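Scrolling down, you'll hit the structures one after another.
Same chain, two partners: subunit A is paired with subunit B first, then with subunit C.
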Partner chain A sequence: MSANTALAEKYRNNFLKEIEEQVEMGDWVKMCMQCGVCSGSCPTNFQSAWEHPPQELFMMIRAGKREEVLTTTSMWNCTSCYNCIVRCPRKLPITHIMHGIAEYAHRLGMAPKMQPTRFFSGLFWKNCTHTGRVNELKLSMGLYFKDGFAQGIKNGMAMQAVALGLVKAKRLNVFELFGGHKCKDQKGIQAMLKKAYEIERSRKAAKMAG
Partner chain B sequence: MAKHEYAFYPGCSSQKGASASNYLTSVESMCKTLDVKLTEIPDWNCCGASIGYAEAGELPRHVMNARNFALSEKNLPGQEIVATCAACWLGARETRERLTHSDTLMADTREALKEAGLTINEMPEIRHMVEVLIEDLGFDEMKKHVVRPLEGVKIAGYVGCQTNRPFGVAGESFENPVYLDKMVEMVGAEPIPEYEQKVTCCGGALAFSEPEKAQAQIKDIVESAYDHGAEMIVTPCPLCQANVEIYQGQINQRYGTKFNIPVMYYSQLMVVAYGGNAKEAALNGQVIKARRLEEIAAKPVKR
Partner chain C sequence: MTEHVATNETILVVGGGISGMTAALEAAETGKNVVLVEKNPALGGRTSQLYRYFPKLCHPVCGLEINLRRLKNNPRVRVLTLAEVTGIEGGTGNYTVSVKVKPRYVNENCTACGDCGRAVETMVDDPFNYNLGQHKAAYLPNAMAYPQRYVLDPAIIGSADADKARAACKYGAIDLDMKEETIQVKAGAVVWATGWQPYDAKKIQPYGYGRFKNVITSVEFERLADIHGPTGGKILRPSDGKEAKNIAFIQCAGSRDENHLRHCSRICCMASLKQTHYVREKYPEDGKSTIYYIDIRAIDRFEDFYQKVQADPSVTFIKSKVAKITEDAHGNAVCHGVNTEGYKRYMTPHDLVVLAVGMEPSVKGINIPGHIVADSSGFIEADPANGAVFGAGCASNALDVNRAVQSATAAALRAIQVVNKVAKAEA
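Moving on to the complex of A and B:
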């Protein structure tokens, strides 16, 4: 049984409970009073419209729309501007809930595969935890080549002027491709993160079993 | 001994050859004038930033920040941690808040830190550089060092998101913070308090992953600055600075605009006003050159 099937089975007909137990800050979802201030305050919802803006997602969770919520591109539009958090009259940590639902959908393998921000988010975390520090050049290259080599060259060409401006201003170093900045105790960082993942996994599993 | 001493968390973008290296250069010059001593936390690591959320989970993300707390406590005991980057500051403050409010999370964090031979006994204070300037030094002290006021330069104060929300600077409103305008005034330039895009989001990480969405927002931010007659934009955030500055060419192509407005850090304005030269203010680090500031920085200082 896949992790997804197991979880769907366990929380059958209670998607709200599933979100409460498995998603960071998920226990706040029930506090939403559907005023819509979050959706009206969201810059990407304003500019290009989410499939389901936050207050709609909260209602969908309560209505048990598991498949729709976990497969939507919506949360991946979050820019982490925190406008929804500071304006929410019920003080829901909406930004964190959006990240939490996105992380959960990603963990279950249900998030839209090639959604660019989902891809970039994973890339960023791998990039910064690999050596302990972000390698900006490798991060950008990783993103450009997401859809294959030919598309990567094309993307790189489109970014040429931007990159050249940064190189001239000494704010992009082409030698970052060979090594670059890093922490000394990388071994310690890896061991520490491995432990953190272990603990987090066992805590979530305990909730599911309990 | 310096008047003020802090443990310094410069962050990834401030490193040599990285996107905000000009920020660091100008902060160092500024701190020299203000007698503020910043000691880098040895072997600090990335805060994980908000965009790492797909794989960061909760504990791993807090453990990353906690490692910096532990290193700071071990090497620079008793000192408050100062970050110049909005995301570093936010990430670290968030971790501080979560660990303080949850014994379980704190215990789990300590267990993970043990793997790296580290521990936390005391939770450090996490400060942004602008908090240090406003709260620990104050506007009067900052103003005392101005020897070359930026007279007649109209500057739009773009505060952005993460230095403003969800924590922000104490006493400021989320919708209309005024400290940046006061800093513009302090260096002798002309602020634009009615600049209505001052807390608009620049698109953050979406500037990389979904540029069309971020650039629609950046367009509003730049356009409004022009509408108010600004000659340049100033910001306290490295990602705001980069996003608003470096994509103006692409925005021009996309929308047929003719944007070419310099985007500065508050520290660069201060260094020039404090009598520093272009190099000390890292004006050579601008992709869109700030000619007006370069001219002022080349003038002799009235002492």
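Moving on to the complex of A and C:
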């Protein structure tokens, strides 16, 4: 390796390639022309919830900032309103790319653990795949107690009136806390999901291996 | 006017803007017979509707005047105004073209004295000013119109106003019995120079053109700055006639956008840079221009023009494509977006927003009689399959005046080669 190639090696960026290969719709990232319409159209940015707006994330990917991109909470804040997709002059499927990057960060275990969207997604999946039915009481309780017992009680008290209203209207059954309703063939559902996991795992392993 | 002799050594030029005039004149000055067909009542096209053109900021009157003088001195060019091509038959060296000629209701006796205009009371929209104002239904299309003859709007034909116009004319120039006619023209080659139209800004929904009065297009802004325009050369905003001193220019309004025009229209960056000069000229004390852009494309040798505007303290550049425009309580247009330098959100009110709209080829979506090969944006390609139909000017690409003239000269040369071959074969 000559001195020049050694110098160039320092700047070689494989992260864009990695995103293209590993992230759903990731091959669109290079098409961004940095016009800024996506971030200007994003409803979440009005609350400064985004550390990095989409076009900045795309630029960071191209600049090889792997650690920063995969550990940020930004893409988890996407509300899937699709404004950016509608307006993007290059027709990038921005919403899908955001979810793709989030999923990849999660797969690598680099996603921020307690980010509410990520936490809720995990909770929801566990909840509904266990019995084949969503147990709303357990799901909301799980979210209330995300940041500890004391905070959970506080959250619960704050929502008390709503909960009582739901009980009165028969939209919430307190006995759901003990077991709850199930689908007819709980074992069948679990067997089906197990098979699906296997297929997904082998596919992603093959992809990771390159 | 519509009587003429055309043979298959004649060159037909469709469109009488700067490209069509150039192609017609270049061909005629080499000794070819040319028929020039123009849809409007006067030649000059969109160039004549500009206040000034870049880079020298001179008035288009000057460039057009030279061409008009060449035209007047050249008996080989037959000009048909209010005329549109409706069909082409035949092939290279032997075309028969159908041309529909609409009635002007004014004959060659007209001296452009203006008596009919004074007699008529009906007002109609003025397309020369992009319908920003109205003019009399007996009118001269623009100050330097060629032919220098009045036109009667078809709306008044059969009304008392038309009779008033005829009675007012001392020269017997008004002929209310003129009828639309379709004529056949023979031609060896055709130069298609139908130019462009501003992209329909209403389609860019988030920008609110058509909903907000103070969002206008760059071509309309040209008319506001022009002394012959609807405001007499004052930059006043349409909603309340207030002086518009804080003006935003939004680049790529329609261009470089897969949802609208996929090509870069090339002229818009230079047009907006040029228009910042109008703001400074009209309001030297407190005029302010803000250009919102993705990247400035001051094509090749115009980079120095860009640098001069950058050095102007009254002009601000914001690297961002505006995401949407709203209207505030004072009628100001508010630009929303994120500045991509620093990723800061902005919400900035302006007196007036000018959309630098893209160029849509006039031929797009129109079935040019015969089979024309066009690119994905609708511009005519130089393709052997087109036979001896040659695109020129903005019918062939997004071009500024300078390049349109070059393109027209090239098209004229191709047409000349075809009719030369015809002449040789017949000799």
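Heads up, the rule we're going with is that the second predicted complex is superposed on the first by the 194 of 210 C-alpha atoms of A that agree within 3 Å, B and C clash if a C-alpha of one lies under 4 Å from a C-alpha of the other, contacts with A are read in each partner's own complex, and residues count from 1 in each chain.
Everything that follows uses one rule, which is that a contact is a pair of C-beta atoms (placed from the backbone, for glycine too) under 8 Å apart; a residue touches a chain by one contact, two chains touch by 3 or more.
Source: prediction; values computed, not measured.
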{"item": "Subunit B versus subunit C as contact partner of A:195, first or second or both or neither", "value": "first"}
{"item": "Touched partner set for A:41, first subunit B, second subunit C, both or neither", "value": "second"}
{"item": "Partner chain(s) touched by A:80 [first = subunit B, second = subunit C, both, neither]", "value": "first"}
{"item": "Partner, of subunit C and subunit B, that touches more residues belonging to subunit A", "value": "B"}
{"item": "Contacts of A:33 with subunit B and subunit C, given as first, second, both or neither", "value": "second"}
{"item": "Touched partner set for A:154, first subunit B, second subunit C, both or neither", "value": "neither"}
{"item": "Set of subunit A residues, in rising order, touched by both subunit B and subunit C", "value": "87"}
{"item": "Sites on subunit A touched by subunit B in the complex", "value": "24, 43-44, 47-48, 77, 79-83, 85-87, 95, 99-100, 102-103, 106, 111, 116-122, 124-126, 128-129, 132-134, 136, 139-140, 143, 161-162, 165-166, 168-173, 175-176, 181, 183-185, 188-189, 191-197, 199-200, 203"}
{"item": "Interface residues, subunit B side, partner subunit A - complex", "value": "12-13, 15-22, 43-46, 48-60, 63-64, 67, 108-109, 111-118, 161-162, 165-166, 174, 200-201, 203-206, 208-210, 212-214, 216-217, 242, 246-247, 249-250, 284-287"}
{"item": "Interfacial residue positions of subunit C with respect to subunit A in the complex", "value": "206, 252, 256-260, 294, 319-324, 336-340, 343, 345"}
{"item": "Residues on subunit A engaged by subunit C in the complex (per definition of touch)", "value": "33-37, 39-41, 45-46, 52-53, 55-56, 87, 89-91"}
